[in-house]
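Each of the two complexes below includes chain A, the first together with chain B, the second together with chain C.
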Partner chain A sequence: MFEATHLMLIASSILYAVSICALITRRNIIQVAIALEILIDAANMNFIAFSNMGLLIDPVAHAIVITSIVIGGCVETAILALAVYVYKHYRTLDVRELHRLRW
Partner chain B sequence: MLPHAPWLSWIIPLVGAAIVPLLSFRRRLVEAFSVIVAFTAAAFAFSMIPEVFKAELPVEKHIWLPILNVKAGVILDPLSIFMASVATGIGALCILYSIAYMSEHPGYTRYYSLMLLFVGGMTGLVMASNMVQLYIFWEVVGLCSCFLIGFYYDQEKARHAGLKAFIVTRVGDASLMIGLALLYVSTGTVDFLQLANAVKGIDMGLLTITGLLVFGGAIGKSAQVPLFVWLPDAMEGPSTVSALIHAATMVKAGVYLAARTFPIFSASTTWLLFVSWIGAITAFMAATMAMVSKDIKRVLAYSTMSQIGYMMTAVGIGTMAGIFASQFHLMSHAIFKALLFLAAGCIIHSIGTRNMDEMGGLKDVFPLVYITFLIGAFSLAGIPPFNGFWSKGLIILETINEGFYGLAILSSITAIITVFYTFRMLFLTFHGEKSEYVKKLKHIHMPGITMYIPLLVLAAGCIISGFLEHNFLEFMFPHESFHLHIPENLMLIEYTISFLAIVIGLVPAYLLYFRKTISPEKIVKSSSITYALYKLLENGYFFDKFYYSLSYAVRDFAQSFRKTHTGVLSNNMLAIVAMMIILIILFITFGGV
Partner chain C sequence: MFTNIIDTLFIYAISIPVAGYLCKKLFKKDDIERIVTGLLTLIGIGLAFFYLYAMYRHLQGLPLMIHVEHLLEVSPPVASCLEIDFLGLFVAGTALTLSLFVALYSIQYVKEYENPTAYFTLLTLMVTGIIGAVFAGDLFTLFVFWELMSLSAYFLVAFKKHTWEAIEASFKYLVMCAAGNLTALYGISLLYGVTGTLNIAGVIYTLKNTALTPVLLLALIMIVIGFGVEGSIVPLHTWLPDAHPAAPSSISAMLSGIVIETGGYVLIRMLTYVFDPTIYHWQMIMLFLAIITMTTGNIMALRQEDVKRLLAYSSVAQMGYIYFGLSTLTGTGLAGSLFHIFNHAMGKGLAFLAVGILIALAGTRNIDELSGIGRKYKFIGVPLTIAILSLCGTPPLSGFWSELFIIIGAVEAKTTPFIIGALIMLFNVVLSIGYYMFVVFKKLIWNPYSPTVEKVTERTPVLMTISVWALALIIVIVGIYPKIVLDIVKLAVPTSERIAEYIAAILGSS
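Let's look at the complex of A and B:
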């Protein structure tokens, strides 16, 4: 059981690092949205990993993760809706072009 | 006492303020409702006065905020009952006067709602039995003043003045809040009655610092040096609002706070000295600024600062007689300043200007306003037998009696200047030739009957209240056989000072502005020193300029960070990750993991 926790933590760290790298380097909004989804999954996986630590499996962590998945879905929807409007407006999906509100 | 008067005297106006917007479909309904609510609240407040003479004053408490061990309650003692009566009484008269004054403005719902909230907030402030409750109402009063000063929000100046009042008093409020937190941490209670005993054990240095921080709130609210810059600008609001702010609600809150916390901090002589000197310096500086102002309402605003300074001086003397003198002067000032503002409001409402150069010769146009204004001006100048003479004299007397000769000299000089600027205002406005502006006015809009009633009531108050010193003394100290021990010869000195002040102040004002034998412009231009002095006074000792340059400096400093906001998502993420790494390193190094 302890092994499984370790493996999950390592996997979640890798996912986290990947998503952060993607958020920094990618310019396409769709790719940013995917990176954000991976970020959320990394956090969820962390929750699941630590719920396994004791003698019993903690159900509260699972409940939170399910809630988190739902919220993550909503966030994704919002980003994708945003992406559609950004494309309509600017005719591009490059995030560097979205600086109309900058000084 | 009417049932539950200590609670209802402030809950009624607050609830009334909430109901006013529901009645906004008819102007007459809003006006009638507001007047009825204000007078009901005043009736409740005045009904508490006989309670003072009963053996034991009831203090009603209800549990609230159990974590902080705070009980919401009302404190019933002569101080709070007196302040509640002043706030609701003057407030009711101002609202009655507003019917005619605001009869043409379409924003009547907002106006009456805020006025009732203002009166209710102030009454709640003075009835509060603990610091937390006081602080809440303190903020309510601040908010109302901001909105009412900026009432004519279509004018840039008015908006700016409202915001300025809010931000400048916020400096004081922050200081008050820190003071309250310190007080709570060091004593474990916020209740006024318990605090007076609870502070006996704590360190004197801590007590002084706490006291000064709490007094910082009073400096902001009562427009004392150095946080006075908002009050002259606050004249952008309607005259009724100025009357309410100056006579009953806003600036009196600071004096109330100083008097209320007096039993807590009076052990610290530094605190007392600070309070009295801030008061005396403000009194002097404000009076000098009033000498050169051209705007009739600004002169009145500076005179308020000056009179509040007198009250602070009296509190800082550190005796119960001093507290009594400050409260007595507060009552006189509330009456005559409300009268002066409402009378000035009549003129401004009728001829549509506040500049005294554009007035002159108005005593034939508004005879009744002239007489009432004259009574108010005599009270302000301290001419016997009007109330200002007795109360201001008492303060100067107390400073001499307790041996504070520096304060006494500064206060006496201020009294001379007060006489000068009062008569300057009176002569410029009502006497002499009519200005070109007045001559050109075809139709002068005469004040209505509802504007005269408050004027006459207040004028009667000016004449009567000065003679009620002994009754007021009995009221303030009902259970102690408290007497003002004043030697006969001191009384004589004080009368001499008063009469000398009147003569020294009146003669130059008469020559300069009534006979016009000497031109004031010539004196100003006679040498570079007088010109520099004039500029210094006209600019309010450059406090305003200093604060503005300070705020511009802060703004420019913040602007310099603008370049870092690139708006590119990748850069923002990079910054987040960098900060995260720094935090992790810090946590590993110092977190003890």
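Let's look at the complex of A and C:
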């Protein structure tokens, strides 16, 4: 009944939900960075799952996922670089401390 | 490979760091590095503009007026390609016009920053990302260029990295926009699952014969939310009033002038081309979002003390006008939306650039402390006044025409919600006149000099003044002869025939 594709789709939607929850609730910047990484993986997994829906495996999805992993790496680099500067200015990695800008 | 326009920008984006490094090693003075990299950026964007004009002439000669550039030599439905039609060309032209003057302005503006090479490289990459995103013919190419634009924007917002404000604003911007972009990617993957292709024309063609399913609805919601973060739809706009003031003024002009408009462009493209409004019925939801966006933006702008923050909230409101024009779906309303993209880019870009000069001279962003500075520096006060008048829709200037078109479009839709919407928009325009005239104009230009302004004695920088005046001239000329821009807008408005031509241009060839 359940094929591999369906299992992967369920897994990817769980990953998506987990990462959005983590983005909202987690307070450490490193945890936020990991949540973003999980979000990228959820989308990538969806592409892979959809790529073998037909008779043949679609190579386009694989090419896309490889590019998407690289982009994910760039986003991670950006957030980690900012984490260093956040630590320099605030002496903490707690995102709750980043509330000096209001309205 | 990616058409002459994007190739040129890429080549310059690669060569600017090399040139900057060589200048740093060969010459001991920082000025040379700044001037060389700045001039290279200017030349790169200028060349790209020239190629864009060549593309414009080329498009007029084509039967369907759509140029397709294949990136992979395989059969069209799976291929990633660039497809250039007048809608993309119009937004790209706006982006290049604004960025040309921003580059000219930046040559003098980045004097106090320590790393001009990084600044100009990131600026060029951001322009490349915008142009690529508006030319993209398949959803993944769109996403890649979109991320290129966003990543450069994160770093440019954090450019003043020794201040806590820039770091905090950039962090907020990064987390919100990265989550938004990846949500959009998830939505794109769902579309891929349903249609089996990513080529926009292929997706449109497949979706035409598909009924509304929950998966497609989820894809629509995810794409609107994802691109709406960058396009500052109201519940998702909270990064904008932090990020725009924290960035250097020239970058605020780029972000407010064209980056969020690219979000608007992608939503226009997705909602009119891909998600057919007769099947998905998104009109009322977009109307609701547009009204919330413009009202929140204008009301929040009324109570700001920081002049750049005020302009940033005003950008939220102006995006609301663009979405309102989109939601009407009449020819006039959509034309007004597109024309407003141009007017907002020029007007808000000019306002940020002019205010940036004044802030650099006085060293503060507080409106009360800047009191009277526009009168002291008349060469900057006059263009600032033109920008303000255009943004609040004074008749002879360009902003008037687009706001008029949007309101006429809403009345043409002839249903009660849109007429109420038109009244709310009129109310919003009046509100915006309130804060532009009685806060920005009165305090910055009319009021007597504040003690801070009394002390300022520096002269106005030449290049920055030139770029500000050039933008002011564009606003006045387009205001008097709106036909120059409207001729292109007319060809860009998405109608059902144009969508059919769009599919035929890409899929019909095979």
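Definition applied: the second predicted complex is superposed on the first by the 101 of 103 C-alpha atoms of A that agree within 3 Å, B and C clash if a C-alpha of one lies under 4 Å from a C-alpha of the other, contacts with A are read in each partner's own complex, and residues count from 1 in each chain.
The definition used in the following text is that a residue touches a chain if its C-beta (ideal position, glycine included) is under 8 Å from a C-beta of that chain, and two chains touch if they have at least 3 such contacts.
Everything quoted here is computed from the prediction, not taken from an experiment.
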Q) Based on the superposition on chain A, does the combination of chain B and chain C result in a clash or a fit? A) clash
**Q.** chain B versus chain C as contact partner of A:Ile20, first or second or both or neither
**A.** both
Q) A:Ile40 contacts which: chain B (first), chain C (second), both, neither? A) second
Q) For A:Val32, is the partner it touches chain B (first), chain C (second), both, or none of the two (neither)? A) both
Q.
Counting residues of chain A touched by each partner, does chain B or chain C come out ahead?
A. C
Q. Given the touch rule stated above, what does A:Val60 touch, chain B (first), chain C (second), both, or neither?
A. second
(Q) Once chain A of both complexes is superposed, is A:Arg96 in touch with chain B (first), chain C (second), both, or neither? (A) first
Q | Clash with chain C, by chain B stretch, listed 73-81, 127-135, 469-477 or 505-513 | A | 127-135
Q | chain C-contacting residues of chain A that also contact chain B | A | 20, 23, 32, 95, 98, 101, 103
Q) Inside the complex, what are the residues of chain A that reach chain C? A) 16, 20, 23, 29, 32, 36, 39-40, 42-43, 46-47, 49-50, 53-54, 58, 60-61, 64, 67-68, 71, 74-75, 78-79, 82, 85-86, 89-90, 95, 98, 100-101, 103
**Q.** Touching residues (chain side chain B, partner chain A) in the complex
**A.** 562-563, 565-570, 573-574, 577
(Q) Under the definition above, what is the set of chain A residues touching chain B in their complex? (A) 20, 23-27, 32, 95-96, 98-99, 101-103
Q: Please give the residue numbers of chain C that touch chain A in the complex, ascending.
A: 78, 140, 143-144, 147, 151, 154-155, 158, 161, 164-165, 167-172, 174-175, 178-179, 182-183, 185-186, 188-190, 192-193, 196, 198, 241-242, 246, 300, 303
